[in-house]
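Letters A, B and C mark the chains in the order given here, with residues in each chain numbered from 1 onward.
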Amino acid sequence: MTPEKPDTNWPDGPNAGMSRRNFLRGSAVFASGLAALAASLSPLRELDDRPSVEQFAQKYYKELTPEEMKKVLKRIEDEVEKQYGLRPHVKDLKPEAGVEFVYALNLTRCVGCRKCVHACVGENNQSRTPEIQYIRVLRLPDGSLDLEKADHYYHPEAVPEKGYFYMPVQCQQCKNPPCVKVCPVHATWQEADGITVIDYDWCIGCRYCEAACPYWARRFNFAKPSIPKEGLNLNMAYLGNRPRRRGVMEKCHFCIQRTRAGRYPACVEVCPVGARKFGNVLDANSEVAYILRTKRVFIQLKEELGTSPRFFYYFDV
Amino acid sequence: MIGGIRNYLVFLGRCGRIAFVGDWRYYSWMGFLSVFCLLGLNAYARQFAHGLVVTGMSDEVSWGVYIANFTFLVGVAAAAVMMVIPVYVYNNEDLHDLVIFGELLAVAAILMCLAFVTVDLGRPDRFWHLIPGLGQFNFPASMLSWDVLVLNGYLLLNLHICGYLLYSRYHGRKPAKWFYIPFVFVAIVWAVSIHTVTAFLYVGLGGRPFWNSAIVGPRFLASAFTAGPALIILALQIIRRVTNYRITDRALLTLRSIVQVSMLINVFLLANEVFKEFYSGNLHVASSKYLYVGLHGRHALVPWIWTAIQFNLLAMVLLVLPVSRSLRWLNLTCVLCIIGIWIEKGMGLVIPGFIPTPLGDILEYRPSLNETLVCFGIWAFGLLCYTVFLRMAVPILQGRLCKANEGEAGWRAPVASGEAPFNS
Amino acid sequence: MNPENNNNRVPAVLFILTVAFLLLAVCFSRRKWMESEPLKAIALVDPELVRPTTMRTSYAQLIRMQADLSDFDCYGCHEQKKAVTLRFDGSNNLVIPKEHSDIVMKHGQHGRNNNCFNCHDDQNLLLLQTRDGRQLKLENCPPLCGSCHGPTYRDWEAGAHGRTGGYWDKAAGELTRQICVDCHNPHSPKIPTRTPLPPPHPLHAAARAAGAEEH
């Protein structure tokens, strides 16, 4: 049997001890390594939104009992008060029976003023820096719905401009939502009245829904949202406009704190030209039911994807 | 029972000890990797404190290098098990022991994948929401839930196979076939499934026409089986050089033939994709245009993808020619494959899916320094893990670290049965 | 490899590693190490610009607000029972008297609607009149507007034209509607252009497409 060549990696073999000097040297490396490891975590000093134990262990929205929900709402009110110095009223509104919301948008009327964008921001406590806006108004040249020709950043002196029309896009509250299908933790789902909601305390921030949405409707909180105190809307809903945390998704929820109380969403109310129409399509007397009955051509964006959006764009004259 | 546990703990203890013993090259390599691990950990701590705003991602491009690396590494993990097929299906004995090196690479790659996904999460503290039973697991609708299951299952599978084989060798026992052969065959199928599930993550999104194509799945597998064995070819040569473990050239050439066939298929599928995108002239080609030629004046990825294509084509030509039978050329070819496929599958797949956005907006992506350091840190961590695994596995396989020399002084260990001593 | 060389190099490597780790520990502990720049604050939009007020304040609104209605007191200047004569210039354009110089007549192209009494009642200036002889109070213009703009009037009645606000759910509260002149100036009804609110500010905006401006 030929002798084995010494293993240069292991000259002393499996059970040899180290010389004392090498042991000390090794310990020095180990100790300095541990020091570096501890120091590497020093940015955590600046962590300012550690979740409390209740928040960490909070149950899924659909599993909360009414008493637990009350506690959660109160906790949210306390947190907002602590952060902004103002106490909000946070409600958990349930969908009404016999209601299905539908949105109709008259593209003849929209002038591209972006009031809807900013009314939404104010109503729904969206972050100003970094900027989160649920609604994106596209300026398209007359004659085509090719979204590649869209300009998102138009800022002329006066709108509307000749030769263009304007199309605001927000969450289409699809009947067959791809975002709901892909969420790994069921943090987003569709409610009975048609609104696709997000449980902000359940979302893990994987952003799969953002990749799945064909309308680019979902927004992620890359940083801690900053809302000016004087702009805070204190009328809040759990699934709606209560302030979100860093690391979770958000999107248009049809102003759930308003619509489930019977009011119009902020974008509908502020539109100066009445281009936006909203209501309960199951009510034959609502304006949306009238529009769907009488207007002849509707555009459902990317209809071929099978998402069945609840947003109907149409031209009038 | 107690004796069994005690034996196992002693085994683990010795394995752990040996990870700290080595020559100056070992210490330099591990030190170098540790430095990058620390830099990565520091960068991640910064990201944890400030949020994902420290990366280059935005609502327009909401997945970046983290998911790009994840995708590439799932392929490596899947392919690392490819060596199992020649050995167990075709009874190729040259590769027999090398299967363990492949599976250890798979374990390291899966650990890197899990790390990349974790650092990409906006709220990693809520990971428990993913645990079936405890949280809300959207299985089977969400492909991400499938991914969680198959990746973790694959990790356990490989840990079991390697662990059992190494522990048996440590004891000088022949491993019981029923305790590992079925798992090996399951691993073959499971390897294909992990990568197919990862592909389906992308394919299932109807709103992203760049990804919503049937060819993504086959391309994933073809590119994985090119890059994975290429990595193993390089790793085996390094093992051969720094230890005196015997690895035949024939083994390397068997792996070369896997890389050869896979690269040919990969290039063929690329040609299919390019034809489909550009020949008919329909409107959904914006993302492909952005990738290959630029769109509306934005062309950040164009030099990258053309580099990847050139590397892949050159590698394919070299693989087909007999010149790549020589190790020096083979190594060059492997490097070309790995880089080419990393670009093509990572940046060349994930980023163009987001550009233009579904509403036609174009916002390019560039990873930030912090993001890049986290990536380096995770790669360093993965290489660290793999090095440690090999540091334990090679002496065990050589019979130098075994039960028989527990507590014995001196290094000349009795050779384990069936294992002839080799000179390097 | 010669074990001698190995033994000589190990201490050196370990020493270098110790130094490297200590250096890293020091760098990491400093606050300035890789400090990220805070995001540039984006200008806030004046909340006045997003109030849901109508574009005009009509006579009907003034009545509801119980505001000063003296602007609409026609017989404060005009004589009762005295007919008002309209004056036209050489090209048949209406000449606006200087007392009503704030009115710009642009209701209809090519001066088609160039006669005050197409809408106003020539016998009673406080009333409006339709072509089929109905007389309407000044604050009730929709039937007048609708007598020419039929389809729009029908849409308006159903709630599809013009603004709706307040409550969609009649059981919860009141629906607020506007009348035509709350938005349209009756003499120059085309909605005027306005300055749009600021465009969006994407994160990492340096990467934004310059090419998008071209569209």
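Here is the rule we go by: a residue touches a chain if its C-beta (ideal position, glycine included) is under 8 Å from a C-beta of that chain, and two chains touch if they have at least 3 such contacts.
These numbers come from a predicted model, not from an experiment.
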Result of counting contacting C-beta pairs for A-C and B-C, higher pair: A-C
Central subunit by CA centre of mass proxy: A
Chain centre separation (subunit A, subunit B; CA means) in Å: 33
Geometric centre distance via CA averages, subunit C-subunit B, whole Å: 55
Euclidean distance of C-alpha centroids - subunit A vs subunit C, Å: 26
Contacts with 2+ other chains: residues of subunit A: 6, 8, 11, 26, 29, 33, 36, 39-40, 42, 130, 136, 149-150, 152, 222-223
Touching two or more other chains - residue numbers and ranges from subunit C: 1, 6, 10, 14, 17, 21, 24, 28, 39, 202-203, 208, 212
Contacts with 2+ other chains: residues of subunit B: 23, 31, 34, 38-39, 42, 46, 50, 53, 58-60, 361
Subunit C residues within the subunit A interface of the complex: 1, 3, 6, 10-11, 14-15, 17-19, 21-22, 24-29, 39-42, 44-45, 47, 49-52, 54-55, 155, 158-169, 171-173, 178, 183, 191, 193-203, 208, 212-213, 215
Subunit B contact footprint on subunit C (complex, rising order): 1, 6, 9-10, 12-14, 16-17, 20-21, 24, 28, 33-34, 36, 39, 202-204, 207-212, 214
Of subunit A, residues touching subunit C in the complex: 6, 8, 11, 21-22, 25-26, 28-29, 32-33, 35-36, 38-40, 42, 96, 104, 106, 111-115, 117-119, 121-122, 128-131, 133, 136, 139, 141, 149-160, 222-223, 228, 231, 259, 261-264, 268-274, 277-280, 286-287, 290-291, 294, 316
Complex contacts: residues of subunit B adjacent to subunit C: 23-24, 27-28, 31, 34-35, 38-39, 42-43, 46, 50, 53-54, 56, 58-60, 295-298, 361-366, 369-370
Subunit B to subunit A touching residues, read off their complex: 14, 18, 20-23, 26, 31, 34, 38-39, 41-42, 45-46, 48-53, 55, 57-60, 62-63, 117, 120-127, 129-130, 135-138, 141-145, 148, 201, 204-208, 242-244, 283, 286, 353-354, 356-361, 391, 395, 400-401, 405-413, 415, 421, 423-424
